[in-house]
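Which chain is which? They are A, B, C and D, in the order written, and residues in each are numbered from 1.
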Amino acid sequence: MSVKRRIFETLEKGQGDDLLSKRFDIFIMTMILLNVAAVILETVESVHNDYEIVFEYFEYVSVFVFSIEYLGRVWTCTYLEKYKHPVYGRIKFIFSFMAVVDLLAIAPFYLPLFFAIDGRVLRILRLFRIVRIFKMGRYSTAFNMIVTVVTKRKEELLVTLTIVFVMLILASSLMYYVENEAQPEVFRSIPETMWWGVATLTTVGYGDVYPITGLGKVLGAFIAILGVGIFALPAGIIASGFEAEISKRMREKEEKNSD
Amino acid sequence: MSVKRRIFETLEKGQGDDLLSKRFDIFIMTMILLNVAAVILETVESVHNDYEIVFEYFEYVSVFVFSIEYLGRVWTCTYLEKYKHPVYGRIKFIFSFMAVVDLLAIAPFYLPLFFAIDGRVLRILRLFRIVRIFKMGRYSTAFNMIVTVVTKRKEELLVTLTIVFVMLILASSLMYYVENEAQPEVFRSIPETMWWGVATLTTVGYGDVYPITGLGKVLGAFIAILGVGIFALPAGIIASGFEAEISKRMREKEEKNSD
Amino acid sequence: MSVKRRIFETLEKGQGDDLLSKRFDIFIMTMILLNVAAVILETVESVHNDYEIVFEYFEYVSVFVFSIEYLGRVWTCTYLEKYKHPVYGRIKFIFSFMAVVDLLAIAPFYLPLFFAIDGRVLRILRLFRIVRIFKMGRYSTAFNMIVTVVTKRKEELLVTLTIVFVMLILASSLMYYVENEAQPEVFRSIPETMWWGVATLTTVGYGDVYPITGLGKVLGAFIAILGVGIFALPAGIIASGFEAEISKRMREKEEKNSD
Amino acid sequence: MSVKRRIFETLEKGQGDDLLSKRFDIFIMTMILLNVAAVILETVESVHNDYEIVFEYFEYVSVFVFSIEYLGRVWTCTYLEKYKHPVYGRIKFIFSFMAVVDLLAIAPFYLPLFFAIDGRVLRILRLFRIVRIFKMGRYSTAFNMIVTVVTKRKEELLVTLTIVFVMLILASSLMYYVENEAQPEVFRSIPETMWWGVATLTTVGYGDVYPITGLGKVLGAFIAILGVGIFALPAGIIASGFEAEISKRMREKEEKNSD
């Protein structure tokens, strides 16, 4: 087997008894999880202060590994039928979803080396490292499943999200007109009233905004009783999509086992 | 084709290769969305102050367009079998749901021109412009679907809403008698206690009202555990109605495609 | 037809073309709804002060009507196969659910006439008038349905309510041990911590009690993510019971119509 | 029947007309419930102060009974095919789930007798007594069912919990970067922002943490609308697992009855 082929198969998800590839998968998976943990823990001041140097070196190592991985994938993608052409195939590959994720995962490190970037933007670039979590998409069924469900139920989700949005506009407009006079600071405009609308209709109810007039409370009560059902629609579609997908995969697995 | 017929078909939802009609649909749709956005943004003080003149002129243009559209619909409705009679048909049409919406969408503009209206009522009239969102009902599947679901499940919704209301009355009466003495300002009467009831049973829980006595908390806990299920009933019926409707339409579409 | 028979059929739910009985049903139904409204509105101080005399006279009339109705039912119940025996049948009838409701609906009025009752108990007796809402059970499908569903799903409800209760005990015990030291006033004992437990697990979340220590928040987060599903079980059973019952009745109705 | 056999059958769940065994089950069940009640009530200061001596003696009696029960079970477990071997069988039995629970239920009493234990640990040991609630697992269908459902749906639960966790990380990271500047005390780090994330996505919404900037509110609104559906997934899987399990058991019971 050529070196290129060997690298290609190592980078791809391990199949059969390809131990090297399987170990590489576990290695990358671990790197991703450690990176996510690092991004999260770095924001804790005490941890950050005590281990700043560790985080820094770990970032260097991670970017190095992910960069090699990215270059390897771009180099060897021509083995895939879809990206066969050495030039156009590679360009097509670079714009595929997972390759974009791979690039976004390392870009925040390289950008400041080439461009002058001020502190605020740098902070946002650090946020971008959380994007590395999506690299797990290659290995995790969970990621894979959510994409499948959203894709399959796209139309239903769109219809219900439209209804949710119309409901939110109507509820917030009404409440704004009713409560604005009594609480001009809180229900200052329809967009600001929408914050109340979302908190109420999703039943989160932080309690920072609520009607205080009699009419506002009656209106709020009706909106809550009727609207909660409407806002539960997208959730219901996602949930039923998942259950269908899960039971489908379970059936396939069982059939495979009984072969 | 006569001018009247041409206008009729333009106003109706575009069919086949009637490009003019389809473009007109998109134009009206855009006008509606911009109007909804205008009503919402106008309430934001800074936006209102900076663009007052823009909003005013946009309102003139919108009312002009929607008025022409309304007159055109009234004029040409006789092409529809249902509204064939030149007099009675038109009267019947004027009282149809969508025509009433069309009228309500422009009425707030004309009323102050003919009647002396004080500031308070004027403000409410401006609210009425949000009604223009319902004009989308002609084009959007989402609107159409919600009407279908509510109509089909009318009886179930009525039964469950009755149960919800009885539950609310019982829960609030009990809580009023238990908590009234400890918090006479908050649980002042049964109707005011209902505000607590709705917030609890829909699980919104703003936190502006809650029992503080031991007995009140025990009662509140039982009401929450048992009542949440009851209050979820109308939501469940709407959700299952939607899923049935969506999957029905998906099936119909597939069958149509496979023809 | 004898007077007794005439009274019996009038009191029973109106069948076929028995206009008198149907009108009587509507009359009693209206009386019940007005009584519920009266109990609720009486607690509003301003309404109570302005219309005290109206409420008082309405109470006299209501008790008179409901007393006549009750006596009539006891007198004529012997026409029903179940309560045929003039003595034992009537005793059995008096202890039937709806007859007990009928008695409880008027008892609060008569008790103070025969016994010396102090103010506190009198106030609770007034509460009891809300029991009149259950008299609607004879006429309303909603009431009837909730009894059917709870009866049919009794076992499932018991099992899931046990689980809910065990979950609540475990969550509250853990949280008490974790948070008690930091907030000794709020998480003072396990029973008091249960108030936090119910508010969290039903997702009401008033915000009067919540963990403030790091460990308490981690524990609270896990309890919320896992426990919410457990607490949704009884609600789910009631909901699915209702849907089954509703669709069963719809089918029966359709079959009846197609006969 | 030998004494050992008699003890074995008494400890096992009562079958057929073995009255002694059935009475023993009720006795142990009552002991467990009283113990749970004792652990809970002991934390109420006034109850604790008034009945300290009662609680102490009840603890002695309980530990005595549960110790005898435990020893009896270890002694007689060899009657079960699985634990037949007098030495290895018994060791295997001691590490079975229910035997571990039985040991944990009494261990907190014996530990301080053999080891020097400081006050803090002693308090945690007392918490451990709540573990006695799991002894009910031998008798209660509810416990049994929850284990069955979680075992059967293990994979689905894992997949959905992964999704929930990824969702929580993404939502909290984004919110941290948006709100941290405006509320540095509240959104201090990503782990601390996760407390907001859990409260929002489970819809508990205590109201101790919420975004206050415009961008934070827009982000929070989107997270709430989309995320609530995701967080409802594990709950949905548990609920549907339960319903399947319950209806399966109902069918089995009916079939048994119709034999």
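We take it that a residue touches a chain if its C-beta (ideal position, glycine included) is under 8 Å from a C-beta of that chain, and two chains touch if they have at least 3 such contacts.
This one's a predicted model, so the numbers in the text were calculated from it and none came from an experiment.
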**Item:** Homomeric contact subunit A-subunit B: same or different residue positions, threshold half
**Value:** different
**Message:** I'd like to know which pair from B-D, A-B or A-C copies the B-C interface, where a copy means over half of the contact pairs are the same by residue number.
**Reply:** A-B
**Asked** Any idea how many Å lie between the Cα centroids of subunit C and subunit D?
**Response** 32
**Complete:** Multi-chain contacts in subunit A, i.e. residues touching at least two other chains, fall at 199, 203-207, 236-237
**Request:** Over in the complex, which subunit B residues touch subunit D? Could you list them?
**Result:** 203, 205-207
**Asked** Mind pulling up the subunit D residues that touch subunit C in the complex?
**Response** 36, 39-41, 43-45, 123-124, 127, 130, 133, 136, 140-143, 145-146, 161, 164, 194-195, 198-199, 202-208, 231, 234-239, 242-243, 246, 250
**Complete:** In their shared complex, subunit D is touched by residues of subunit C numbered 155-156, 159-160, 162-163, 166, 169-170, 173-174, 176-177, 188-192, 199-200, 203-207, 210, 217, 220-221, 224-226, 228-230, 232-233, 236-237, 240
